[in-house]
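Okay, got some structures for you below.
What follows is chain A paired twice: with chain B in the first complex and chain C in the second.
Here is the complex of A and B:
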């Protein structure tokens, strides 16, 4: 008899534990998703509905706020600037960062540890602050208020990630593959382009997307370095004080959408990237 | 090409780039902070530190970091262990939980503004439940506590994901055998977490905490969206020195103070969570 009751108890306990566990998972998912849903409701409501009280908890699918956003002076060009800067950042950080990632994964050279330290150091540094002196420097060189100038600063933000991520990606490809290509008559360069590059391309794309998101989201340096050619974040920050609510929410929504898509696109690589970065 | 030279050629672009856009501007900030006109002086630091807003913004930044980072650490650890034993739906849950990673601090501030503003969803919910007759203005100077809570919630919502990703990657590196051995010796799940997961996770905890703490001192756009001038923080003060007051030297001095605080905390975390020499997984 006693054996039966002691058997039943752990089973009940396990079942209860399972329910608590599932409830916690659902609750934590809701914690992330519900605020996003609220933003969606506000974006898909007419400007009047956004400013009224109380709020409906279902979207009205009214495009009033979004059209207001699109017609607001300077908003679309700010959106365009954001895309240009982020695209430049993406290209620059991969072109500059990937060779270093390859070097770190394939060679032992003097100063390797010092180089890694420099890369990691940039991470533990409030980088947007560097925008302050660069503002003066850019005025002298004519880079002030240009997409390229801001992209250069954003590249500084993205480069440590680009190097560490490509380092971990290249480390995942056995050097034997390259060596086999060399014995079959490839040079170092052709072995790289014909063997390594096709294997690494999806990963490179993921880290490029990561660089894009870093630039797309950056607020402080963008606000310091652009005046006429504001990016979307800088423009929204500037109008926070006086802008009507529906403009803020529509702008916030536009900021969030690419992030959702990009995180989905790179989700497979997120954890591989950080696993190696820890070492 | 010469195999001995090749690595240096490959790291040259990054080194040059960081020298021009990281080390050089860093030197410029330092120079700007320590000069007025052409002479060396500590006057900028004195000016900045004696300004009436400095103690408040320093206190606010610190309080916010102290309130937010421990909650994020606990939450990220909980989520990471939950994901670790998940079989079905792991990818979907992880995707949902890492969504905030891609969301900018400005957008996060705006999202929580939709909840806390006077005609927002929190007020709608409370009036729907009959808790209030009139919508309450949470984000006003009469409710400093609510402003703080709103900013803290937005920060926790936004930036837990970065710690989660680092910790999930770290837990994935811990060999299963350790857990099996612990189980054979009769360790409860809680003991396994305390005695196996936490110690072996130390390098990841280090990375996650350093990154998060440094970013917590840089909090800016969330505060700008939710608190405006109600809740002054250090980064916001730098911004207003640079733009509203056009005082680049003071902005640089304050920037160096933020940097100094970041470095001190980085060193403290490195020391507190140091990995014993020779101990690897």
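Here is the complex of A and C:
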């Protein structure tokens, strides 16, 4: 490629472009990292330091707030509930969403487009609108205040994403790969397990993580539908409303860290979903 | 060891008929090419033989066994796809050995067969690589090796070379022909490329609008096309046609000349290949319109009574656009077609 000659020195233009690029990268990183950093500092500071100004740049490693939470009644069980509900949501949304995604990508049937639209429409109803009728229904069926009941609600929130993500995953796999497997001695099922599944596993994982995070962060349905078995978000919302600032920070920290660790552990698959780290 | 018999196979997609009543027998170890323009049904027919598509009516027999109700894996076939379909999550070795592993062959047998076929296709250096690390030509070789490793009765190929560049295609063409001849399998090869068909086939089935117009050896298809479609489709440039009116007693008026022809008393089409014409003192009178020197010969596009007419002449000839040429057809190469049925007339 030959460079287009302009009045400006191309060397300068390239340098300027690079500076803009770097600035954008720094800004975006700061956007995400600075709040997280303050969360970390304030969590690890003594109550006095949290309320004082200016902030110190380095945390004081005062574990007082965290120890308070560790010993706070119901805290650990709320954490456990959150994990159970998120895990259930993850499993349910993949079990229901992935076959729907496969069907959408591989088969032609009447009303396919309408079906795709309807999947998205499930997100069109605000949760507060659904929460009260759901609560009544759950109380009647005995699903209220259970992990499964809440996971069902979270699954309906996560399914549109699960279906659409897996739909695009399956569509990205040429049907010829399956056909080749059939001619090489596979049945429909073995072709799926030996060829399609290994290829979409990263994407399935990514979509599962997505479901996990949706459930982990969801607070409204959790607050309405559970009383005794609160998830972490609902629990913190309930208990931290009147709590002092340093405890709010610590609570936020406890909420953020597991999700961060989880996403970090499976980041490879998230990138694969967006085609960055794909082989 | 497998004869393939296709009996009265038809395929409809809704109101559209892709294949009309196909009957074809392919001999054991024969190399059959299905040739036709896109949309003529050749790929559909191949997929029906493979079991990837079900025929609406009709029967498919392979090696004396009726297979049209069987899934692809039970038909004793292997297939090479146009886009290679090399599994991206497996190494070249595991790709070639995929079918053998499905048959649960012992490890050393898998290794032996993979190495043998990889050697045959000259990819023994690539066995540890993934498909993402291969060029198109190499992927094609993996796809062929994977099919050969199955040691199938029948190998089916769907335009396997069409995604390769021209030079590579020519190279692979000769190589494929050699490898398949040695493997003693029956082969069905789908292509729209007449050069591929002519150079590789034992027999060519020319397909048009869901029908087999002619199934014969390459030379027969070229010299004695059974229909105007075949004459116009095969050969580059294609055969010339001129309307002929009967003058009685086997004499025909063509382009202002009288030529010997069949004993018929209805209007026919006179046909001659461009390379079967030469400049002479008497013959068809043509006005040259475009002259294309192609090195080995001279392609002259002319006009005879308003009809397009091409002649391939010796490159030493000096012909200019606007010249009037007298073109003599080589008598034993002249063919006649019935314009109503478009079929050849003896």
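As a convention for this text, the second predicted complex is superposed on the first by the 220 of 279 C-alpha atoms of A that agree within 3 Å, B and C clash if a C-alpha of one lies under 4 Å from a C-alpha of the other, contacts with A are read in each partner's own complex, and residues count from 1 in each chain.
Here is the rule we use: contacts are C-beta pairs under 8 Å (C-beta built on N, C-alpha and C of every residue); 3 or more make two chains touch, one makes a residue touch a chain.
These numbers were taken from a predicted model, which means no experiment stands behind them.
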First (chain B), second (chain C), both or neither touched by A:195: second
Chain B versus chain C, judged by how many residues of chain A each one touches: B
Touched partner set for A:158, first chain B, second chain C, both or neither: neither
Which superposed partner A:233 touches (first chain B, second chain C, both, neither): first
Which of chain B and chain C A:220 touches, first, second, both or neither: first
Partner chain(s) touched by A:29 [first = chain B, second = chain C, both, neither]: first
Partner chain in contact with A:185 - chain B first, chain C second, else both or neither: second
Chain B/chain C common contact set on chain A: 279
Residue numbers on chain A that touch chain C, as the complex places them: 174, 176-177, 179-187, 190, 194-195, 198-199, 279
Interface residues, chain C side, partner chain A - complex: 50-52, 71-73, 77-79, 81-83, 85, 87-89, 98-99, 102-103, 130, 132, 146, 150, 156
Chain B-facing residues of chain A, complex: 21, 24-25, 28-29, 31-33, 35-36, 38-39, 42, 51-55, 57, 95-97, 99-100, 102-104, 106-107, 109, 112, 115, 118-119, 122-130, 132-137, 152-153, 155-156, 159, 163, 188, 213, 216-220, 223-224, 233, 236-237, 240-241, 245, 248-249, 251-252, 255-256, 258-260, 262-264, 267, 270-275, 277-279
Chain A contact footprint on chain B (complex, rising order): 1, 3-4, 6-8, 10-11, 13-15, 17-18, 21-22, 25-26, 28-29, 32, 78-79, 82, 86, 91, 93-107, 110-115, 117-121, 123-124, 127-128, 135, 157, 165-166, 168-170, 172-173, 203-204, 207, 210-211, 214, 217-218, 220-221, 224-225, 228, 235, 238-239, 242-243, 248, 251-252, 255, 258-259, 262-263, 266
